[in-house]
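This structure is in structure tokens; I'll ask about it shortly.
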Amino acid sequence: MLTGPFEDVEVGAEVSTRGVTVTETHVVQFSGLTGDQAWLHVDAAAAEAGPFGARVAHGLLLLSMCGGLMYEHSSEWALANYGYDRVRFTAPVFLGDTVHLGVSCSAKERETADNGVVCLALDLRNQRDEPVLVAQQRVLVAKRGTDR
Amino acid sequence: MLTGPFEDVEVGAEVSTRGVTVTETHVVQFSGLTGDQAWLHVDAAAAEAGPFGARVAHGLLLLSMCGGLMYEHSSEWALANYGYDRVRFTAPVFLGDTVHLGVSCSAKERETADNGVVCLALDLRNQRDEPVLVAQQRVLVAKRGTDR
Amino acid sequence: MLTGPFEDVEVGAEVSTRGVTVTETHVVQFSGLTGDQAWLHVDAAAAEAGPFGARVAHGLLLLSMCGGLMYEHSSEWALANYGYDRVRFTAPVFLGDTVHLGVSCSAKERETADNGVVCLALDLRNQRDEPVLVAQQRVLVAKRGTDR
Amino acid sequence: MLTGPFEDVEVGAEVSTRGVTVTETHVVQFSGLTGDQAWLHVDAAAAEAGPFGARVAHGLLLLSMCGGLMYEHSSEWALANYGYDRVRFTAPVFLGDTVHLGVSCSAKERETADNGVVCLALDLRNQRDEPVLVAQQRVLVAKRGTDR
Amino acid sequence: MLTGPFEDVEVGAEVSTRGVTVTETHVVQFSGLTGDQAWLHVDAAAAEAGPFGARVAHGLLLLSMCGGLMYEHSSEWALANYGYDRVRFTAPVFLGDTVHLGVSCSAKERETADNGVVCLALDLRNQRDEPVLVAQQRVLVAKRGTDR
Amino acid sequence: MLTGPFEDVEVGAEVSTRGVTVTETHVVQFSGLTGDQAWLHVDAAAAEAGPFGARVAHGLLLLSMCGGLMYEHSSEWALANYGYDRVRFTAPVFLGDTVHLGVSCSAKERETADNGVVCLALDLRNQRDEPVLVAQQRVLVAKRGTDR
């Protein structure tokens, strides 16, 4: 399982999240919230003439949505989000595409008396099951009986 | 410089961005946009009793804001955002904190006849100049004279 | 009339509000603001395969829009919104549908020296004049000459 | 339990949700999304001189947040949200208050071969455990073995 | 009056609108929606050291809010918003200030058989009744009996 | 140039900004943020039957977007935005249209020892290069060597 205390997390365990449609609203709000107004995301006319033929979602919006999709599967034993490694944007996501996330435990590291680090492999896919983002995440997870 | 064709990018070049205040509005909108409603971000009462004593910004909101802060310094020669490595959240950012970003070129890689990869070191700091996020970003940048 | 002091409100009086289109933006923002990310509202691929064949608006978004549509017809004599009874969602509202509200006074209750309760029947309809939501609302309304 | 097929839902079962802080951002966005710009919600100067001494959240925002808080506890067996009864706003919620929801099953009704209606009692409370909204909700829930 | 057919509009007629508090949420959303991320509006630390000692609202946000405040007083006979003249920002508006709008008819112009232009003087003031924005607006208004 | 100290600004200098698509999200959010819920902007059914055959953007949204588009070309020497003159909405902008802005310096005025006023002509155009908004803006700009 992925959501218990450190001892119970098993390398190889997997979960698959709900899907969410990446809408024009998401892209416009994300541009505004962050200030990234790059033409590939906000200018439909320029994007139509560009490499993908249409506006695409920001890579960091997709990574952020991974955080939201994982929220419903997050462990109450998680103490902190250490960070991300090897985040790669592997295919464009267009406005109207629907993505869902696969998460698996790839390793357990740095075990101490109280906690340890769980390494997660993130695999975000679109409605055609094509990978659009892969990443590794490291989360600090408490052991059973520790005072969280 | 950081913003010209691949040949002109110099390892060691640096830019510093404007600042932006991370407001309650950013955190509430980011929770909604992504679906990450974790108590540390949305429940002031629970956060007050938690490890930081107050609500803090999502790590992925901070990384997303790096994208927005870099937008105003982005190279027209950039062809694609490859991804991020070793993203680490090094200190909590509270609602009302103001962050600014330092970006430096740490390496140039995988040069071809047409382009190459520029490695950027991101260093996000708060109003007390304390680092709150570090990361590496890889961007594909065109060479002069190539047909972008 | 519906908008004067308690004495002037007539049982049977009616108003019809402006229309408003229920957009993808409304549904995405409402999902975010409330945290209700149910697939019927946010996952276009799943909704296409579901009972309605497309994403539909949250019932509570529609009821909330009744509040907004009534705002422009609200009585300055209203002291408080007591609540709602028998709220029923009678047909799905799809993204892009346009709704308008009919409000009529169904009863006057609990009259005191200073005020009384006005019962309103809400009838929200789409662009084909099909009812999509019915509800009863109770509002406390002051009498003329009372110190509001 | 509250979240299985109709047969497994027990009258008297209860769940308690996470909390969420009702921020100025929620109230401003809700005013905009619905169009309800009543002074009690959007005019701090008028609200300061009004009955509560400060701006308060829209009642329908609170009911909508119940929908969001329940989302994480919603049954996969739920087929439809029938509606709400006896929604009452029992105390003002100020900007910055934190609310959490108690849900209990009050009755099971209209059982057929395939499904039945589950009646839920909603009890929204603030950070001082004072009730601010009560309501009843009716949800259509499938039986085990039915083709949902 | 200000809201009837062209013949009925009287030079010198006045209306006063409701108030609205200009919140941090308005300023952050307006920055995002437009892309204007100037430090005076989004960087609390820089603004504290700046000429006003704190973040201030965008002038164009204030003018836009005039449009919203006038909406509730708009004439059904209005055919088009011609534009604005002599828009002047006369004092800073801080986050948390509450503004209300005075509108008066300053002239009637360009009368034809079907319609005419109504000139409006806008006078936006803060909670201390200090003028923060003045402007003139020209609206095309239909005559009675014309086919709108 | 348009972005240096007052002495360096040349009458006749021009810049052209990036484009931005005016989306349904912009229009819905602007309606909410300002409170202007006029049917021409928010009611697709009524707008279809109206003079333009579809919903159009608010004129003040377009003017506000000019502020955002100019932000990336704003002078660090600008001390204050004095205001706007002769703002005229010359053609409707539909949801999905993409606009870009031309800015030129039309005059320099009121020069003092420390600063002067720069007059800018704004020319917003859609994806067919049709003018949709023209306006004049006055900005106070510092001279070189003054203590800004």
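Chains here go by letter, A, B, C, D, E and F, matching the order in which they are written, and residues are numbered from 1 within each.
Methods note: a contact is a pair of C-beta atoms (placed from the backbone, for glycine too) under 8 Å apart; a residue touches a chain by one contact, two chains touch by 3 or more.
As the structure is a computational prediction, the values presented were derived from the model and not from experiment.
Copies subunit B and subunit E of the same chain sequence form an interface built mainly from non-equivalent positions, shared numbers / all numbers used being under half.
Note: the chain lying farthest from subunit A is E, by mean C-alpha position. Taking the mean of C-alpha positions as each chain's centre, the chain lying farthest from the centre of subunit C is B.
With centres set at the average Cα position, the gap from subunit A to subunit D is 29 Å.
Centre to centre, using the average C-alpha position, subunit D and subunit E are separated by 37 Å. For the pair subunit E and subunit F, the distance between C-alpha centroids works out to 16 Å. Each of the following residues of subunit D touches two or more other chains: 20, 24-26, 29, 33, 35, 37, 68, 72. Inter-chain contacts occur between A-B, A-C, A-E, A-F, B-C, B-D, B-E, C-D, C-F, D-E, D-F, E-F. Every residue of subunit C that touches subunit A in the complex is listed here, in rising order: 24-25, 28-29, 37, 39, 42-46, 55. By the touch rule above, subunit C contacts subunit D in their complex via residues 20, 26, 29-30, 33-38, 58-61, 63-65, 67-72, 74, 80-89, 135. Every residue of subunit A that touches subunit C in the complex is listed here, in rising order: 18-21, 23-26, 68, 96, 98, 127.
Residues 29, 31-33, 35, 37 of subunit A touch subunit E in their complex.
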